[in-house]
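In the two complexes that follow, chain A is the common piece, with chain B as its partner first and chain C second.
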Partner chain A sequence: MAKKVLNVEDDADTRTFVSTVLEENGYLPIMAMDGEEGMKKVKKERPDLIILDILMPRESGIKMYHELKLDPNLKDIPVAMLSGVSKRTFLRSQAALTEFGDETVPEPQAYLEKPVEPEDLAETVKKILG
Partner chain B sequence: MSKLLIIDDEEGIRKVLTLSLASDGYDVSAAAGGEEGIEIFKKESPSIILTDIKMPGMDGVETLKKIKGLNPDAEVIMITGHGDMDLAIEALKLDASDFLNKPIKDEALSVALKRATQRIAIKQKLKAYTDDLERMVSIATEEVKRRAEFQNKLITSSNDAVIATDEKGDIIIYNKGSERIFGYPRSEIIRKMNIDRLYPQEIVSEFRSGLEMRGHVDLSTWREVEILTKNGEAVPTRFSGSILYAEDEVVGCVGFFQDLREIKRLQKELITSERLAATGQTVAGLAHYIKNILNGLKGGTYVLNVALDKSNTDKIKSGWAMIERNVGRISDLVLDLLAYSKERKPEKENCFPNEIIKEVCALMESRTRGNNVEIKIDLDPLLGAVFIDPKAIHRSLLNLVSNAIDACIFDSASKKSWQVTITSAIEKNHIIKFEVADNGMGMDEETKEKIFSSLFSTKGERGTGLGLLVTEKTIKENGGMIHVASKKGNGTTFNIYLPYQETEKKEAGNTQ
Partner chain C sequence: MKISKILFVSEFEELWLDALQSLMGLRKAGMNNVVFLHVISKDKVAMRRGAGYLKQEERKLKEIADIRFIDWAETLFEEGMEVVAHIAIGNIVPKILSVTEIEKVDLIVTARLKRAKFEELYAGSETSELLRRADKPVLIYNYLSQSGKVGENPFERLLLGLDWSVSSEKVLDYVLALRGATKRVDIVHVMSEKDVAKISKMEAQKLERNNKKRLDEVCDVLVNEKFDARPHLYIGKVEDQIQKAASEHRTTMIVVGAKRRSIWKEKWSGSAAHSLADTSELPVLIVPTEVK
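Let's look at the complex of A and B:
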C-alpha cells in the first residue's frame, strides 16, 4: 500500500504541485490548509511523513512543528519543512520557543527552501521513507 | 596798490601824469623812451602801462610789442596825438587796451584806468576759475580712472564669463572667465571675433535685433543656454545679457555666462544615486515577489506536463488553473507598477459608489469563504449617483478590503469571529467617506508609520508593498485623503475621504 504523505500548506498552487509530485512517485498525498487542520489530519490519518510550510494563517508551521515534536504519540513521524523562510530563521524561531520554557526539539529530518524542483522533492521524500 | 608805468618823451606830460596819478593812489614809474620803459617794465612788472605812440628811437607800437611779448596780460594804453590813426589801428591789432588822445583830459584818463583795472581784475578771476576748473577736471579724471580700473578688475576677476561688444557686435571685452568657459584665448577674440561666431544662434538673433534696434529685447532674465567651446564641447551655462545704451544710442551689448558644468554633474550624480537607491530597494522586493510567481508558473507547467502524459483531465485543469492564477498575479503586479509610476488623471463619470462596494465584496467572497471571515456592509442610502472616478474607488477599496481579510486570516488569535466592515457615508461639503474596518491582527506604531512610505510589506513573499502606495496615490490624485487607525491585536480601520460632484441629472435615493 502506498505510503501516506501529509502536506500542510496554505498556498493552493504549492498544494497542487506537491500532491502531483507525490502521486508521480507513488505516494498517497493528503492535504491540509493550515496548522489547525494539519494537526487534525495528523491524528486522524497517521501519515508516514509530513511536509510542512511555515508561513500560514492561524497556526503557523513553527508552532505546529513544536507541537508535533512535543507529543509523544506524534514525535516520531518524520517532518520535512518546505518553506520560503530560510532554515536558519526557522531554527532560530525554534530556539526562541525553547527560551520561553518549552523543551528543546530536534531538527527536522529535511529542510527544503522554496522553490523546490520536483526531482529534489521526490528525492527527499524517498530518502526519508525508503 | 596798482603799479603804473608812464612812457613819454615829453617831460611835461610825464611830470603832470606822474603827479596826478600818484595822488590818485597809484605807484607810478616813468620812462622817457621805449628802451628805458622796457627796462623798468622788466624790473617793476607794472600792470598798467601808458605809452606815447610817437617817440624817437623805439616808438610806442614797438614798445607795445615788446611788453606784450614779456607779459600778454599787461594793460597797455596808447597816448595818441592828432593824425596818428594808422599807428593807432596797428596798436589795436597788437592788443593795445585803450587810447587816450592828447591833450589828456583827467576824465578820459580816469575812465581808461578804471577799465584797465577792471580788465585786470576780470583776468585774475578768470585765471582763478580756470585753475580751479583744471584742478577739478584732474580730480574727476583721477576718480574716473580709479572707477574704471575697479570695474575692470571686477570684470577681470569674475569667475563668470563677461563679454562686451561695440555697437557692431565686435567683441571688445573678454575676461579670464570667458577664456575658461569658451576655450578661446583673448588674443583670438578681441577685435577679431563677433558675437555671431561665439554665441549660440538663439541668443545671437536676440542680441542682433537689440543692436539694430529692431523692437524691444529683454535678455535680463537668467536662463540656461548651451554654448560651444573652441573644441566643440557643449557647455551648459546660465546666461543673462543686456544691450548697452548711451543716451538713446546703442553702443554695444554685454553677456554674462555662468559655468553650470559642475552643478550639472553634481545634480546628475545625486539623481543617479537616489534613483539607484530607490531602484535597488524596489527591485530587491519585486524580484522576490516575481520569483514566487515564476515558481508558481514552473509548478503549473510541471503539473500540466504530468497531467498531459497521463491524459488526466482533472489534473490538466488544476495545472492550468495554477498557470492562470500566476499570470493573473503578474498582470496585477504590472498594473500596480504602472499605477504607481505613472500620473493618472481621474476619469470621472456618473456612477453609484454603493454599487462599487457591492462589486468589491463579490470579488472578495472566494477569499473569505472557508477562512471564517465575514464581510459586512453598511451603505448610506442617501448616497446615490455622483460624478466621481469609479475606477479609483474600486481599486482603492479592493486593496483595503483585501488587506483587511489578510489581517483576519493571519491573525494568530484563536477562535475569534473575524469581521470586515465596509461603510459609506455622505459627509458635509461634498465629501464621501468610505470606511474599511477589520478586527484582525492590527499593527504596532512602527508598522503603521511605514505602510505609506515605502515598498514595505508585512506579508512576506505574498506582498509587494505596492498596494497601499498605489491606493494613497490614487486617492490623492482624486483630491482625497486616506487615514489609518490601528491597534496591535485589535484590528485596523482605514478611512477614505473623496470629494464628489453632483450628477447633472440628479438621481437621488437608494440604488439597491
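Let's look at the complex of A and C:
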C-alpha cells in the first residue's frame, strides 16, 4: 500500500505541484490548506510524512510544527518543511517559542526553501520514507 | 475584553512594516497573534476584451504580496509571535469583514481606505463603509507625514472621547484592556456650543458640573486600574475640540465609540467618529457599540 504524505499548503499551484510529484513517485498525497485543517488531517489520516508550508491562513506551519512535536502521539511523524520562510527564521522562531515557555522541539527531518525542483522534492521524500 | 489577535490590512502603499512594529506595544496588553490581509482589487485582474481574465497578472500580484508578507512575518516569528496571512481578490471591505470573522480577530488595523471621487459621492468612503459594517474595533492608522513617519508607540498616550452613550461604556472597557500598553489617558467630553446657547446660565453651569462629575467617575475607574488618567471638559464642535485636545495633551491616539448606522443616516447626519477617521492625522481607534 502506498505511503501517505500530507501536504499542508495554502497556495493552489504549489499543492498541485507537490501532489503531482508525490503521485509520480508512488505516494498517496493528502492535502490540507492551512495548519488548522492540517492538524485535523494528521489525526484522522496518520500520514507517514508531512510536507509543511509556514505562512498560511488560520494557523501557521510554525505553530502546527510545534503542536505536532509536543504531542506524544504525533511527534514521531517525520516533517519536511517547504516554505519561502528561511530555515534560520524557522529555527529562531522555535527558539523564541521556547523562550515564551514552551518546550524545546527537535529540528525537522528536512528543510526545503521555495522554489524547489521536482527532483529535489522527490529525493527528499524518498530519503525520509525509504 | 482582550486584544490578543489583530488583523493588519495592507495595500503596501499605505502601511508598511514599521507601522506594524509600532503596534508591538500591544504585546504588553496580551497581543500575540497577527493576521495579514492583502486584497488585490478585482479591477487589476478583471476580464479584458481580447485578453480574458488576467490569470498571469493575478499570479504576479499574489507573488509580490507573498514575498512582502514572508519578509514581515519572519520578523514577527522570530519574536515568538503567531502570524497567518490571507491574500484575496475582490472588494476590500467585504474581504476585511470575512477574514475578521474567520480569524476571530479582536482589532482591525487599516490605513484610510479611499474610493474614486464619483463613487464616494453616493457610497461614502470605504473607511466609512468599514466602520458602518464592522462589529470589531477598527484602528485607522495613517502615516503622520508624506515622508512616512509613525509614532513609536501609538498606544502610549490615549485621548478617550466620551459622549456618555452606550458606545462610551464599550470604549472605556476597551481602554481598560489596554493596560500595560498605555501610560496615560486624557478623558475628554465635548459639550455642544449650540446646546449650551439654548439654556440659561444656571442650567449651563449645572450641565457643566454634571459632566465634570461623570468625567471624574471615569477617571477614578482608570486610576484604580493603575492608569495615569486626567479628565478634561471642552465646549464646541466635537471633532474640532477632540483634535484640539489631542494636540494640547500630546496624544498619540484618539479613541472614540461609534454607533453602527445606515449609510443614509451616516451621510446626512454624519458622525464625529467617522469624521475623525477621515481627517485626523493621528491614529483613530473606533470602538463600535455592538462589540461581539
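Everything that follows uses one rule, which is that the second predicted complex is superposed on the first by the 130 of 130 C-alpha atoms of A that agree within 3 Å, B and C clash if a C-alpha of one lies under 4 Å from a C-alpha of the other, contacts with A are read in each partner's own complex, and residues count from 1 in each chain.
Basically, a residue touches a chain if its C-beta (ideal position, glycine included) is under 8 Å from a C-beta of that chain, and two chains touch if they have at least 3 such contacts.
Source: prediction; values computed, not measured.
K.L.:
With the two complexes overlaid on their shared chain, look at chain A and say whether chain B and chain C clash or fit.
P.N.:
By the criteria stated at the top, chain C and chain B clash after superposition.
K.L.:
Who wins on chain A residues touched, chain B or chain C?
P.N.:
C
K.L.:
Which holds for A:Gly84: it touches chain B only (first), chain C only (second), both, or neither?
P.N.:
After superposition on chain A, A:Gly84 lies in contact with both partners, chain B and chain C.
K.L.:
Touch test for A:Thr16: chain B only (first), chain C only (second), both, or neither?
P.N.:
Only chain B; A:Thr16 stays clear of chain C.
K.L.:
Quick check on the superposed pair: does A:Pro118 touch chain B, chain C, both, or neither? Answer first, second, both or neither.
P.N.:
So A:Pro118 only meets chain B here.
K.L.:
Output check: A:Lys40 vs chain B and chain C. Expected answer is one of first, second, both, neither. What do you get?
P.N.:
After superposition on chain A, A:Lys40 lies in contact with neither partner.
K.L.:
State whether A:Glu24 touches chain B only (first), chain C only (second), both chains, or neither.
P.N.:
In the superposition, A:Glu24 contacts chain B only.
K.L.:
After superposition on the shared chain, which partner residues are touched by A:Ser93: those of chain B (first), chain C (second), both, or neither?
P.N.:
Second partner only, chain C.
K.L.:
A:Leu55 contacts which: chain B (first), chain C (second), both, neither?
P.N.:
both
K.L.:
Pick the chain B stretch that clashes with chain C in the superposition, from 62-70, 242-250 or 458-466.
P.N.:
After superposing on chain A, the stretch of chain B hitting chain C is 458-466.
K.L.:
Taking the stated contact definition, name every residue in chain A that is touched by chain B in one complex and by chain C in the other, in rising order.
P.N.:
On chain A, the residues that contact chain B in one structure and chain C in the other are 13, 55, 57-58, 60, 84-85.
K.L.:
List the residues on chain B that touch chain A in their complex, please.
P.N.:
Touch residues, chain B against chain A: 291-292, 294-296, 298-300, 302-303, 306-307, 315, 318-319, 321-322, 325-326, 370-371, 409-412, 414, 460-462.
K.L.:
Within their complex, state which residues of chain A touch chain B.
P.N.:
12-14, 16-17, 20-21, 24, 33, 55, 57-58, 60, 84-85, 114-115, 118
K.L.:
Where on chain C is chain A touching in the complex?
P.N.:
Within the complex, chain C contacts chain A at residues 59, 66-67, 69-70, 73-74, 77-80, 82-86, 102-103.
K.L.:
So in the complex, the part of chain A that touches chain C is made up of which residues?
P.N.:
Against chain C, chain A makes touches at 11, 13, 34-35, 54-60, 62-63, 84-86, 89-90, 92-93, 96-97, 99-100.
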